[in-house]
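The block underneath contains the structure these notes are about, expressed in C-alpha cells.
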Amino acid sequence: MTPELLPDLTLSLLLLIMAWGALYAPQRSDAMTLFIAFGVVVALIWARLDAPDLALAEAAIGAGLTGVLLMHAARALPDELHQDYRTASYWGALGFTVVASLMFLVHLLYDDSLFNAGLLDTESDLTPRLRTLADAAVPESGVEHPVTAVLLNFRAWDTLLELLVLLFALGGLRQLFPSGQSDDSATTASWPESMTLMSAWTRVLAPLLVVTGGYLLWRGSSAPGGAFQAGSLLAAAAVILRLTGLLPPLRWSSLWLRLSVVAGALFFLAVAAATAIWGDGWLTYPGAYSGLLIISIEIFATLSIAITLSLLVIGEQEDLRS
Amino acid sequence: MTLSWTTLLPVLIILSSLIPGLLIFATPEAAARRRIILNMTGVTVKLLLVALMLAGVSRGFEFRFAIAFLPGAELVLRGDALALQFIALSSVLWLMTTIYAIGYLENSPLRSRFFGYFSLCVSATVGVALAGNMITFLLFYELLTLATFPLVVHRGTPEALRAGRVYLAYTLGGGTVLLMGIALLHSIAGTPDFVPGGYLTSLADEHALSLRIAFGLMIVGLGVKAALVPLHGWLPQAMVAPAPVSALLHAVAVVKAGAFGIIRVVYDVYGIEATTLLSLTRPLAWLAAVTIIFASVRALQQQDIKRRLAYSTVSQVSYITLGVSLVGPIAAVGAIVHLVHQGLMKITLFFCAGNFAETLGIHKIQEMDGLGRRMPWSMAAFTVGALGMIGVPPIAGFISKWYLATGALEVNQDWVLLVLAGSSLLNAAYFLPLLYRGWFRAPPAGGWHENNFAGQRLETHWMLLLPPLVTALLSILVGVFAGSIFSPLGWSQFIVNREFGL
Amino acid sequence: MNAIELYLTLGIAVFLLSLHGLMTLYDPIRRLIAVNLMGAGTFLVMVSLARRSEVPDPVLHALVVTGLVVAISATAFALRLIIAGSKNDKTDSGGGNRKP
Amino acid sequence: MNFALLSLAIPLFCGLLLLLSGRALRTRTTGFIVIVSTVASLVAAWFALQEAAAAGADIMLNLGGWETGLAIRLRLSSLSALLLVFTALMHLLIGLYAGLSRDGIKRDYWALSCFLHGSLAALWLSADLFNLYITLELLGLTAVAMVALAGPKAYKPAANYLILSLAASLFYLLGVALLYGRYGELDVLLLAPRTQADVITRLALLLMTTGLMLKAALWPLHLWLPPAHASAPTAVSALLSGLVVKGPLFILWVLWSEVAPPTLAQQIGPVLAIAGMIALTAGGLSAMRSPHIKTLVAYSTVAQLGYALMALGLLLTWQLPQMHIALWLFVIAHGLAKASLFLAAGEMQSSLGTKRVDGLRGATQTVPVAMFAFAVAGGSLIGLPPSGGFLAKWVLLEPILSEPGNWPWAMGVLLGTLVSAAYIFRIVAISFDRAQINPLDINPDRVGHWLALLPALMVWGMALSGEWLIRLLAGGPV
C-alpha cells in the first residue's frame, strides 16, 4: 500500500458509496442523482487509467444524455408504489451475493490466483497477442490513432453492428408511439417552463458543443476522439436545443431525418458490400483509400449517432411518427 | 431402387385407404353419397390389391418398398405371408365395418371427420402389418394411436373425453417404452428387415442382458395395445366410443396391432432360437396365462354387455401371446390363426351389441330377456360368436383352441391345458347366460326402452344387420373349411413352416 | 496491491453489488440503474486490464467504446419502455394499484 | 462465403431501406418486398450450404483482410450454413403468415423482422467472442422491439425482458473480458487450443454460461420467457420461440464444445444435462397447468429447450462431438413446430375470442385446420415418428442406449416425451369436447389457418430428409 494509491483508493471508495446509493437510496430521485454522479466519478477513473477516449465518451453520456433521460423519467413516472422496494427473494439473493463476494475475497486475499493465473502476472508476458498484432498493423490502417484503427478498420464489423444496435433501439422506441395515435399531451408537453431559463445559456453552449464535436471527429484519426464521442456531444447539443425550444421537432416524415438516421449504417454496409463485390473481400479497404473511406464512414456515423441518440433521449410522438 | 409392381404394391395398399381418407376430410358434411362412394371405392381397390398380393406371395414373389429415413434404419414396407394374414383380415373387416358404420351413423353429425379418421386408422393398421422392420413398425404403431384417438372421443361427451385421455395415457406411454426398446435394440444390432428366425441369434450370448431388457421394454410397449394385464386398463374405458369403433378397436386395429407386434418380435426379430436361449418364453407365457384367467373373471363381473365383451377381448387376445410363447410349431399355428378367428368372432359380437343398443336401447345384460324373439337374426349371429369364443366346434374358435392345446402338449407344457380349460369354462359362464336370456326368457312386459325399426320387414337397418351375419357366417366357414390352403389355418401353416424352417 | 489490481477489484465489486441490486430490487428504474452499474463494473475490469502495460491496450478501449454505445442505446430504450409501461399501468388500473 | 454474406446482407439492406422509405409504401407492398428479399436470402443461404458441404471443412474469412488473430473471422461451417437456411426459411414461413393472413400485423413488423434475420445470420457466422456479444445485443434489442409491437399491454414484460437481457449480455461480456485478459485472444478457434482449467477461465466460463443461459431461457433462468413470448403478437411469438432463443444456445455450444478445456467441459456436462431434464419436467408441468393457450405454448419452449440442454450436457460429459447432431436437430425441429404452434394458437385465439385453454372446447369443429396444425406440430414436440422431433430424439437416444452405464439418461427422454404428450393432448382433448362448444367469435381466416399448418407439415417432412440432415451435420459428404 503506497501513498500514491491514495487518490485511487478515495475514488474507489467514492464509487462504491455512490453505487450503493444509486441502488438503495430511499428516494428514487436521489438514486437517479447519485447514478449521474457515479458517471462523473467513472469518467475520472477513466482519466486515471489513461483512457481519454472513454473519459470523453463517458462525460458526454454520463453527465449529458443519461442526465436528461433520468430527469425525463423522474418527471414522467409516478412515485414508487412500493415503500418496500425489495423483492420477495431478498434473503436468497443476499445470501448468494455474500457467498460470491466471500469466494472472490478468499481468492483475492489468500489464494491470489485471480491475479496470478495470468491476468496480472508480472512473470509472464502481459501483452495480449491481439494487441501486439494491432499495434503492428496501425500504420497500414489508414489512421494514426490506434483506437480508431481498431474501431474502424480491424474490428470494423463490430462497429457496423454497433451502429445497427443504435438503429434497432430507435426502431424499438418507435413502437412505443404507434402511428395513428393522436398527439398525446401527456407524453409530449412534459418539459417544464423553467427550462426556458436555460435558453440563454444554451445559445452559448450549443454552438460550443457542435464545434467541439466537429473537432473531436476530425481529431479522431490521430488522437483520442472519433465518431462516437463526436456523435454523443452533438446529440447532447441537439437535446439541449430541443429542450429549450430552439430546435423544432425532428419529424420522422422528413426524408432528411430518416436519411441521417440510417446514413451511417447504410453507408458502412454499402462499403462492406462493395468491397466484397469489387474489392478483396468484405470490409477489406483498398490500401490507398482506407484513410478516406474511414473518414467518410466516420462522418456519416457521427451524423447518425447524433440524430439517433438525441431521438432516443427526447424523441416523442411528433418526432417519431408524424 | 427400380419401380416395379412388386415394390409399389405395398405402398398402393396403404394409399388405397389413405387417399380416400384425406378426400373424405375435405368432403362437405352433407355430401353423404360422395363419402360412401369414396369409402367403397377405397375398400374395393384395397381388397383387389390384397388379393393380388396374396396370389403373389403364394407364388413366391417378394414385395418390398424402402426409402431412406434414419442412418441404418430405412422405412421398409414388405408384404410377407404373416403381414398378409393381418392385412387380409383388416381389409375384409374394414369392408364390413364401413357398411356397418354408414348405417350406424346415418344422420349423425361430423361424419366426414369420423370416416376420415376411420380410413386413416385402417391405413395405419395396414402399415403396421406391412412394416418391414421395427422402426417402420413403430411409426405406424404411433400413427395408429393418433388416428384412433379422435374415434374414441368422437362423441365428445365428458365420458368420451375421459376415456380418450386414459387411452392416450396408456398408448402414448406404451409407445414411448416401445421406442426405448427399439432404440436399445438398434444400438445393439441395427435395424435390419424382419426375417423368419430372427436376426439376433448370434448376439444372444454377448448381449444377453441388453437383449432381455429390450425385449421387456418392447413387450411392455406392445402389451399396452395388446391389453396384457396389468396394461389393459384403457380397453374397458374405451367402450364409450361408437359401436363400429369398438368393433374395429377390438377385432382389428388396436389390440391386434399389439398382438401382431408380439408375434413379429418373437418370430422375426429375436427368433425362436434366441428367445429360447434368453429364456424369455416362460415369463411371457405366464403373463399371457394370467391375463387370460384374470380377464375372464373380470368379464364375469360385468353387467354391461360391451364391458363384458371388452374383458373377453383382453382374455382372448392373450391366446395369441400364449401360443407365440409356447414356441412349438403347432401352438404357433394356433396363435397366428387366432389372430383372424378372434377378429371374426369378436367383431360379430360387437356388431350385434351395437344393434341391440341402436334398435332397442339395450346396454345391460338383464335387459336382454327375450331378445331372440324381437331380433332373431342378430341374436343368431351373436350366438355363433359367443359359442365360437367358448370353443364349440365347428366354429373358428374351436380350431384355435385345438391347435393351442395340441401345441402345448407337443412342447410338454401341460399346464397350459388347465389354463385353456379354465378359460373355456369361464367363457361359457359369462356367455351362456346371455344366450339363455336372449332365447329362453320372455320379453319384458313393459316393452323395450326404444323400439326403432318396429314393424319393418327387417328387424333393424339392413346395413346394421348384414355385417354381423356375414362375419358370423365367415366364422363358421373358416372353421368348416379349415383344411383348405387358403383358409386362415392353411395360411398360418404356410407361415409357420417358414418361421420354424420346416 | 497496485492501482490496476485495485480498479480490477473495484470493477468486480461494483458488478457484484449491482447484481445484488438487480436481484433484490423491484422498481424497474432501479433495476435499470443496477444493470448500468453492472456495465460500469465490467468496463472497469476491461479498462484496468488495458492499463496493464505502459501504453494502454487500444483493442480493449475500442471494445469499451462499443460497449458504451450499446449500453446507452439500450438504456434509453429501456427507460422509455418503462415510462410507457407505467403510463399504461396508470390509465389501466386507475393508478396506485399494487401489482405483485 | 460470399453467398453466406449475401444471405446476411440482403435482410439488413432491406430493413434499412424500409426504415428509410418511411410511409411511402403501403403495408402490403412492404410485406411483399420483405418476402421477396427473404426468398432471395434463402436462395443465397442454400448456395452457401452447398458450398460448405462441398468444402468438407469450415470456410474461414478474415474480415478486412487482416491476419488471423487480428481480424474478426467469420466461419461458414455446414452447421452455420444450415442455420442460415433455417433462419431464412422460418422468416419466410412466418412472413407469409404475417403478410397473407388477416392477422393485421403493423408495418414496422417488416423492418424489425428483417433486422432480426440479419442479426441471427451475423450470429451464426461469427467466430469472435466480442463480435458474438454485439450480435447478442442486436438480437435482444430487436426481440424486445418486436414484443413491444403488441402495444401497451406488452410494455411491462418487454421492459423486464430487456433489463434481464442486458444483464445477461453483461455477464457474457465480463467473461469475454476475463478471457481476453488471460489469453489475449478473442477468436474462438485461436482460443480453443490455449485455454486451461484455471481459476480465471473457470470464472469467465461460469459468467458467460450464466448470461447465455439467461438469454436462452434455459432452466432455471427461464422465468422471463413465458410472459414475454406470450404477450407478443402472434407472428413475433413464433419468431421469438422458434429462433431467437437459439442464438445464445449456439454461443453456449461454441463456448463449451470449442473454447472450454475438455476437463472443465466434462465437469459441467452432467450439470447442464440434469438442468435439461429438470427443464423438461418443470417446464412441461407448468405448461400443463397454464390456463392460457399462449402461455402453455411458451412454457413448452422452456421444456423443449431442456432437450437441447440435455443434448449439450451429454455431448460435453462424454466428449462425443456427434451429439451436436441431436442438439441441432432439436433446434430445427422445435423451431418449425413452435412456429406452427404459436401461429395456430394465435389464430384460434382470435377466431374463438378467448385466450383461455378451456375456451378451445369444440375447436376441432369450429377451427379444424388450426387445431389440426396445433396437433401435428405438437406431435413433433412429443417426438412421434416420423416427425423432426422424433428424428432428434432418436439421434439423442442412440449414444445413451449404446452403453449400459448411460441408460439412466434415457429417463430424461422418457419424461420429456410423456410430459409433452400430456400438455399437447390436454389441448387436443379439450378441442374434441362436443358437449359445450365455444362458438366462433369471428369468421375464421382460412388462409391464416392453412399457413399455420405449413411449418408443421415441414417438420414432419423433415424426417424424410433425416439421413441427409444427419450426414450434413456430421460434416461428411452429402
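Here the chain labels run A, B, C and D in written order, and each chain numbers its own residues starting at 1.
Heads up, the rule we're going with is that a residue touches a chain if its C-beta (ideal position, glycine included) is under 8 Å from a C-beta of that chain, and two chains touch if they have at least 3 such contacts.
Because the structure is a prediction, the values reported are computed rather than measured.
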To reach chain D from chain A by way of touching chains, what is the minimum number of steps? 1
Higher C-beta contact count, A-C or C-D? A-C
Report the chain whose mean Cα position is at the greatest distance from that of chain A. B
Measuring centre to centre with CA averages, how many angstrom lie between chain B and chain C? 67
Distance between chain centroids, defined by C-alpha means - chain A, chain C (Å): 12
Measuring from the mean C-alpha position of chain C to the mean C-alpha position of chain D, what distance in angstrom results? 27
Using mean CA coordinates as chain centres, what's the gap between chain B and chain D in Å? 43
Junction residues of chain A, two or more chains touched: 119, 127-128, 130-131, 134, 154-155, 158, 162, 165, 168-169, 172, 176
Please output the residue numbers of chain B that touch at least 2 other chains, ranges allowed. none
Of all residues in chain C, which are in touch with two or more distinct other chains? 19, 34, 49, 52, 60, 63, 66, 70, 73-75, 77, 81-82, 84, 87
Every chain pair meeting the contact rule: A-C, A-D, B-D, C-D
Any idea which chain A residues touch chain D in the complex? 107, 111, 113-114, 117-119, 127-131, 133-134, 137, 153-158, 161-162, 164-165, 167-169, 171-172, 174-176, 178-179, 252-253, 255, 258-259, 261-262, 265-266, 269, 272-273, 276, 280-285
Chain A contact footprint on chain C (complex, rising order): 1-10, 12-14, 16-21, 23-27, 29-30, 33-34, 36-37, 40, 43-44, 47-53, 56-66, 68-70, 72-77, 79-84, 86-87, 90, 95-96, 98
Taking the complex as given, what residues does chain B use to touch chain D? 67-71, 75, 110, 113, 135, 138-139, 142-143, 146, 149-150, 153-158, 160-161, 164-165, 168, 172-173, 175-177, 179-180, 183-184, 186-187, 209-210
Listed in rising order, chain A residues that touch chain C in their complex are 1, 4-5, 8-9, 12, 15-16, 19-20, 22-24, 28, 31-32, 35, 38, 42, 45-46, 48-51, 53-54, 57-58, 61, 65-66, 69-70, 72-73, 76-78, 80-82, 84-87, 89-90, 93-94, 96-97, 100-101, 104, 108, 115, 119-120, 126-128, 130-131, 134-135, 146-147, 149-151, 154-155, 158-159, 162, 165-166, 168-170, 172-173, 176, 186-187, 226, 228, 232, 305, 308-309, 312-313
Residue set of chain D touching chain A in the complex reads 2, 5, 9, 12-13, 16-17, 19-20, 22-23, 61-67, 69-72, 74, 106-108, 111-112, 115, 118-119, 122, 130-131, 134-135, 137-138, 141-142, 144-145, 148-149, 151, 155, 178, 180-186, 198-201, 203
